[in-house]
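Heads up, the thing below is written out as C-alpha cells.
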C-alpha cells in the first residue's frame, strides 16, 4: 500500500479511525507519565526545582518545529500530487503547532525570570520562536480568510513554502543580530556534558508523549476538516441542483 | 507533597500555563469534531 | 440597535472576520522594533511606552476600513440608512463594535507585549489604564475617517493620512501617562487630558461621521 | 391617501441635474416601472425617493419610515445563515417575526445554511425575504433582475404581485420586461434635464457651467 | 512590456493615484515617534535607524494592496493574463512600478527624515545605501503578498500579517548597516547579506507570486 | 482550419464540475452564443476557453495568442484618457495603431476625454475598441450587454458583425437577445454535470461529495 492512498478521504477516515484509539491511549499514557515522572525528579544543583520545566519546554519546542516541517511536507504533497487530505492535514496541524510554540515561549519566559532575571530577552533562540509563531498565525489567518477551499489550499501551500525559507533565513539573520543567553541543544552534546540520566529518561518519555499527542490531535482535526468539507460539498451539490 | 523550594511559583506557573494551553487545544479539537460530526449527520439524514 | 452591534461582533468572530488580526499585527510590530533598534533592554525600556502606543494606533488604523466598507459594498449601508436607526446611532454602534473587536483585545494584551519591550513592571497598570481610556477615541476617530473614505476604492493609505494626525493628542497624553507612571510621577494631568479627549470625541464625532456618510451615500 | 407623492422632482448626479420635473403618485397596490436609456437618471431618482440623497428641487411626500430600498447588492452577509441574516434585518426594522417571510419565500429548508452556500436563485429569494421583513409598504427597487434567468424573474414578479395585493406599492427601474402587466410605466427620457441656468445650481458642475 | 510599467507610473502620478501618500505616511510616522518616545535627541539618535527602516516597511506595506487589487477589480488583470506578457513578467513590472513610486521616493527622502530623528550625519550615506539595496526586496515580497490576497475583500490587515514576517531579514541587515556605519565599523557583511536577500527575492519570488495570481484568477 | 476547437470539455467552479462533455468548433466568421439558466456555467466555460483557468477534462485547441477576453469589467482606467487607454492595450498586445479602432467605434470626438467622464454607452464603445486593438481573432465575451440600453446593444451587434466579416470569430454568453441572427446558439442546460464520482475530482467539493 502506498502512502498516497491515505489521501483518499474514505480510506483515510477508515484507517485513521482504526489508528486513533491507539494514538489517544499512547499519547495519554506517555504524556501523563512523562510529566509526572519529570515533576518528581530531584532538584538540579544549579537550577533548583525549575529544571522540572524542561519536561514541557523541550518537547513543546521540538514539536513546534517538527509540526511546521510536517506542514511543509503536506503542502508540497498537495501542491505536487494534489491529494486533498494532505492539504487538510496541513490546515489541521497549524493550530496545534501554534499552541506548541506558545507553550515553548510561555515556559521559556517563565523560566527566564528566575534564571536570567528577565521575562524576555532578545536571544536568537527565543526570537526565532517568536518569528515561527508569527508564521503560524499568518498561515492560520490565510486559511480562514479565503472562502474557496481549493484556492485556500493552494495559497496557503505557497505561503508555507515561502514562509519556510524565510523562517530559516530569519533564524540566521537573528543569530547575526544578537548572540544570546540560551543554552545549546544538550541532547546531542558530547557524552561528558550530557544531561544526567535522571532527567534524560523522563524527558524522552514526555517527548514521545508530546509526539503522540500531536498525532492524535492531527488525526482528529483532519477528520473534523474532512467532515466539514463533506458537509460543504453536499450543500454545494444541493445548491447547484 | 513534593518540595519545590523557592521556585515553586515558577514551576507551578509553567506547568499551569502549559496544561491550560494543552487542555485548550484538546477541548477545542474534540468540540469542533463533535460539532462537525453532528452537522454532517443532520445533513446526511435530511439530504 | 443592539442587533447591529451583535451582528458586527458575530461577523468579526466568524471565519474571515478578522478578529485577532489587529492583535497579531501589534505583536509583529513589537517584534520588528527591536530588530530595527537593537536588542538592548535599556533602550527598549526607554521607548516602550511610545512604541506600544504607536503600535496600538497602527493596529487600530489597519482595521478601520472594515468599519463601513464591507457594508457599503454589499448594500447594507444603504438599507441601514433607510432604517429606523438614525445614522448617528449606526456610527456609534459600528465604532463600538470596532473597539470591542480591536481596541479591547489590544488593551488586554498590551502588558504582555510590554514584556517584550522590557517595559518596567511599575508601568504596566498605567499602560492598561491609559489604553483603556484612550482607545475608544481611536475607534471613534477612525469611524469618522472610514466614513469619509468609504466610497473610495483602496483608500487605505489615504485613510491613514487623514486619521493619524487626529490621533496625535491621544498618543501624546497616552504615552505620557505611562512614562510618568513608570517614573512614579503624578499621572493626573495627562490622564485628565486623555479622558477629556475621549469624552469630547465620543460626544461630537458621531455627528461629523454621520454627515460624512450621508455625503458618501448620495 | 397615496403612499408616496412625487411633485416636480429634480435630481442630480455628479453635480448636474439628471432629470427634472418628474411627478407621480403611487397608491396602495400600484407599481410603477421607470424606463429610459443608460444614464438618464433612474438610479438617481430612486435613491432620492428612498431618501438616500436630497432632491435638487420639488418634493417627495410620504409617511416616515415607509421605504424599503434594494439595488443589486442584497445587504446579505455570506458568513451568516439565512435565519441570522433575516433576523438581523427584522430587528433593525423593529420587527420580530421572520417566519412569515421564510414561508413566503419558500426558504424553509435552508434556514441554517450560510448565505455563502446558496445558489443565485436562492440568494435572490433571500434578498426578497429581506424586503418582506422590513414591513415597509413602498419598495424601491433598482434593476432588481440584473443577470437573473427567466425562472428567477418569474419568481420575482410573483413576489412583487403578492406585495401589491397586500396593500404595498413598488417603484422600480429596469431595462428588461418583468411580465408585471398591471404596472404603469414611466419613461424618463422626456424629463431629461435641459442644460441651462437653474436658479439653484445642483453642484459644482452646474454652478460653473 | 514597458507599456505596463509606464501606465502604472502614469496612473500613480495622476489624481487619486496615491503617489506621495507613502511618503506622507512615512513623514507622519517619523513625527509620531518623537511624540510617543519623547523628544530627547540622544534616545532618538539611538533608535533612528530602526525607526526609519520600520517606517519604510510600513509605508511600503500600506501601498501594497494597490499593486494588483485595482487591476483585479476593473478586469485589467484578466486581460493581462491573456496577453502575450507572461504573468511572471507582469509581477516583476508591477513590483518595479511599486518600487519606483514608493520605494525610491522613500530612499530619496529618508536622509531628510533622518534629520527629524537626529540621525548622526555619518550614518546618512549608509541609510541611503542600505535602503537603496533593501527596498526592492520589500516591493517584490509585497507583490507576493498582494498576489495571495488579491481576491479578498478588505485584506489589508491580513496582507500585513503575511508580509511583515517576510520583511524581517531585510530589516535586520538594513538597520545593522546603518548602525555599523554610524559607529564607523565595517558594513561589508550586512551589506552583502542585504544584497544577497534582495537578489534571491528578485530571482525567485516572481514565480511564487505568479503562481498565487493564477490561483486567484481561476 | 478552425480558429478554436473545444472537445469534450468539462469545466469546474467552486470545486465542482459545472458543465461537461461540451464540444464545438468555431471557424472564421462564426459566432456562438452560450445560453442557459443562472449558474449553469457559462462564465466558467468562457474563462476556461480564454485560458484563465485549466479545464478539468477535455481540451481547447487553438493557436497561441488568439483570444481576447472581456467580461463586465472593461479593464479601463478612469484616470486615463480614451487614447491612453487604447494605446496601452495596443502596446501590451504588441500593436501600434489605434486609429482604426477609434474610427470603427466612432470615438473620434472623445479621444482626449478621461474615461471617467464617459457615459455608460461611450464606455462600452471604448471597451469594444479595446477588443479591436488586441488584434486577436477570437473574442470571448461574457454578458457584454449587461445593463446597456437598446441603442448600445445595437451598436454592439454591429461591431461584432464587422469583426466576423473581417475573419474573426466570437463566443459569448448572454441572457438577452442580441439580434445577431447569424450566430449559432448553444444551450448549456443539457451539458450540466451529473453528480457522481469522477475519477479525478475537480476540487474539494467533488473530492468529498
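To keep things simple, chains are lettered A, B, C, D, E and F as they appear, and every chain counts its residues starting from 1.
What we mean here is this: a contact is a pair of C-beta atoms (placed from the backbone, for glycine too) under 8 Å apart; a residue touches a chain by one contact, two chains touch by 3 or more.
Given the structure is predicted, the values throughout are model-derived calculations rather than measurements.
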Q) Count of steps on the shortest touching-chain route from chain B to chain F? A) 2
Q: Go through A-C and A-B and name the pair with more C-beta contacts between its chains.
A: A-B
Q | Classification of the chain D:chain F interface as same or different, half of numbers criterion | A | same
Q: Give, as an integer number of Å, the spacing between the C-alpha centres of chain D and chain B.
A: 51
(Q) Report the inter-centroid distance (CA atoms only) between chain C and chain D in whole Å. (A) 36
**Q.** Multi-partner residues of chain D (each touching 2 or more other chains)
**A.** 119
Q: List, in ascending order, every residue of chain C touching at least 2 other chains.
A: 15-16, 18, 21, 24, 28, 31, 34-35, 73
**Q.** Pairs of chains found to touch, sorted by chain label
**A.** A-B, A-C, A-D, A-E, A-F, C-D, C-E, D-F, E-F
(Q) Quick check on the complex: what are the chain F residues that touch chain D? (A) 36-39, 119-121, 143, 146-152, 175-176
Q) Where on chain C is chain D touching in the complex? A) 2-4, 7, 10-11, 14-17, 71, 73-76, 78-85, 217-218
Q) Which of the residues in chain A end up touching chain C in this complex? A) 109, 118-122, 127, 130-131, 134, 137-138, 141, 144-147, 177-178
Q) Considering the complex alone, what residue numbers of chain A touch chain B? A) 35, 39-40, 43, 48-50, 52-53, 56-57, 60, 95-96, 99, 102-103, 106-107, 110-111, 113-114, 213, 217, 220-221, 223-224, 227-228, 230-231, 234-235, 238
Q. Which of the residues in chain D come into contact with chain A in the complex?
A. 78, 113, 116-119, 122
